[in-house]
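Chain IDs A, B, C and D follow the sequence of writing; residue 1 opens each chain.
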Amino acid sequence: MADVRLSLDAFDPAVEIAGFNARHPNAGGIVTFLGQVRDSGGVEALELQHYEPMTLPGMQELARVTERRWPLEGLLILHRSGVMLPGDAIVLVCAAARHRRDAFAAADFAMDHLKSESWFWKREKTAAGWRWIEPRPEDHEDISRWRI
Amino acid sequence: MADVRLSLDAFDPAVEIAGFNARHPNAGGIVTFLGQVRDSGGVEALELQHYEPMTLPGMQELARVTERRWPLEGLLILHRSGVMLPGDAIVLVCAAARHRRDAFAAADFAMDHLKSESWFWKREKTAAGWRWIEPRPEDHEDISRWRI
Amino acid sequence: MAKLVFMGRLEDVAGAPEMAVKPGPVEQVLAALEPALAVELLGEKIRMALNGRLLTDVGGIVLAQGDELAFLPPVSGG
Amino acid sequence: MAKLVFMGRLEDVAGAPEMAVKPGPVEQVLAALEPALAVELLGEKIRMALNGRLLTDVGGIVLAQGDELAFLPPVSGG
């Protein structure tokens, strides 16, 4: 049921959100999360690297886990790979559910896991050149909220 | 800073979301919640009634409280009043923040308070006619999560 | 005149969304209404707002010319 | 031949995103690399995947013709 995509090119989040909403006109609640490249800290570009045999399969498994955990009417997980500029969309998660709290929790859960457990490696370009980004301790704290 | 509106006519959530995103191209994370009239339970129409002197001022105060509580780069609270049909948008909240968790929490908080503390009265039309809806106990549980 | 406003299901009880009343003490205004309506308006869960401001206590309130007193049942928005 | 794949910062250490190697026991394959690279690849935080499946333990693994062994530093997505 879930729509899970790894995009090697820029995508337009407004078009994706409009399409998702149109496919779920009668869901009580739709929560979307859009992550974009921040224009701050002198970052000129950001690159996400993925590993073909694992990244998309991992995202598909995350979608299955999310759908098992909350009663959803629809789920979209769309993630960019490649070089992005400030303002470019990185990730979009849309969750449609009968009840508001399920949609919020599912989108939040999917984002926490995309951030800390999906197969992407990130580097940033500043005036000093490219630099690989290590995971932040907060990412692991975020994900630990969901362990039950 | 917040964009707070009470709409007496139908609004297009996709257009509103696209506009909000365009105004915050460099926010790290944008969370949106869209509430729609569910097509279920034989509900033919839903009416929300507002009280002019209090409803919009209350929404504006909620926006101020939300902005004081989380560091946001943008906040939209848009609520319908009047008669709606299944699939019609009821409420849209968009929160843009540097950090993902702030955007999620702010949108979630604003929705919980819109549901249980904003000045709207709801009735539903089924084959049996119009019936006023009493608040649900869950709405009060939802809001109690935010008391600190 | 002053005005009473009935929100939500109170509109059905009152048979109209609002009612013009003579200015005066609220107790007196309510005493002049249908008893069945007055009982509903004074229900435990009904809040009141005078000219858009919530009242903590209706005792001692006197409606002046042009005042608007709203009766607000529990909200059920979103 | 078999293939080693270096993700994230390991690509910089290896100087290339991948490397063709002769099939054989992984220990033997690693022993033939630059020592500085081999040390990085065996770092505590580096995970390994053989043909897209995570390995819990690299001991005893023998690379066959066409196998792909990926070295995966901690992820930092989204």
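The criterion applied here is as follows: a residue touches a chain if its C-beta (ideal position, glycine included) is under 8 Å from a C-beta of that chain, and two chains touch if they have at least 3 such contacts.
Quantities reported herein were computed from a predicted structural model and do not represent experimental measurements.
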item: Intersection of contact partners for chain A and chain D; value: none
item: Centroid distance [mean C-alpha coordinates] between chain D and chain C, Å; value: 76
item: Distance between the centres, which are taken as Cα means, of chain C and chain A, whole angstrom; value: 50
item: Intercentroid distance (Cα basis), chain C paired with chain B, Å; value: 27
item: Multi-chain contact residues (two or more partners), chain C; value: none
item: Shared-contact residues (touching 2 or more other chains) in chain A; value: 35, 111, 115
item: All chain pairs that touch each other; value: A-B, A-D, B-C
item: Chain A residues within the chain B interface of the complex; value: 13-14, 17-18, 21-22, 25-40, 86-87, 98, 100-101, 103-104, 107-108, 111, 115, 142
item: Footprint of chain D on chain A - complex, ascending; value: 35, 48-49, 51, 53-54, 57, 79, 90-91, 111, 114-123, 132-136, 139
item: Contacting residues of chain D [partner chain A, same complex]; value: 5, 7-9, 12, 49, 51-52, 68, 70, 72-78
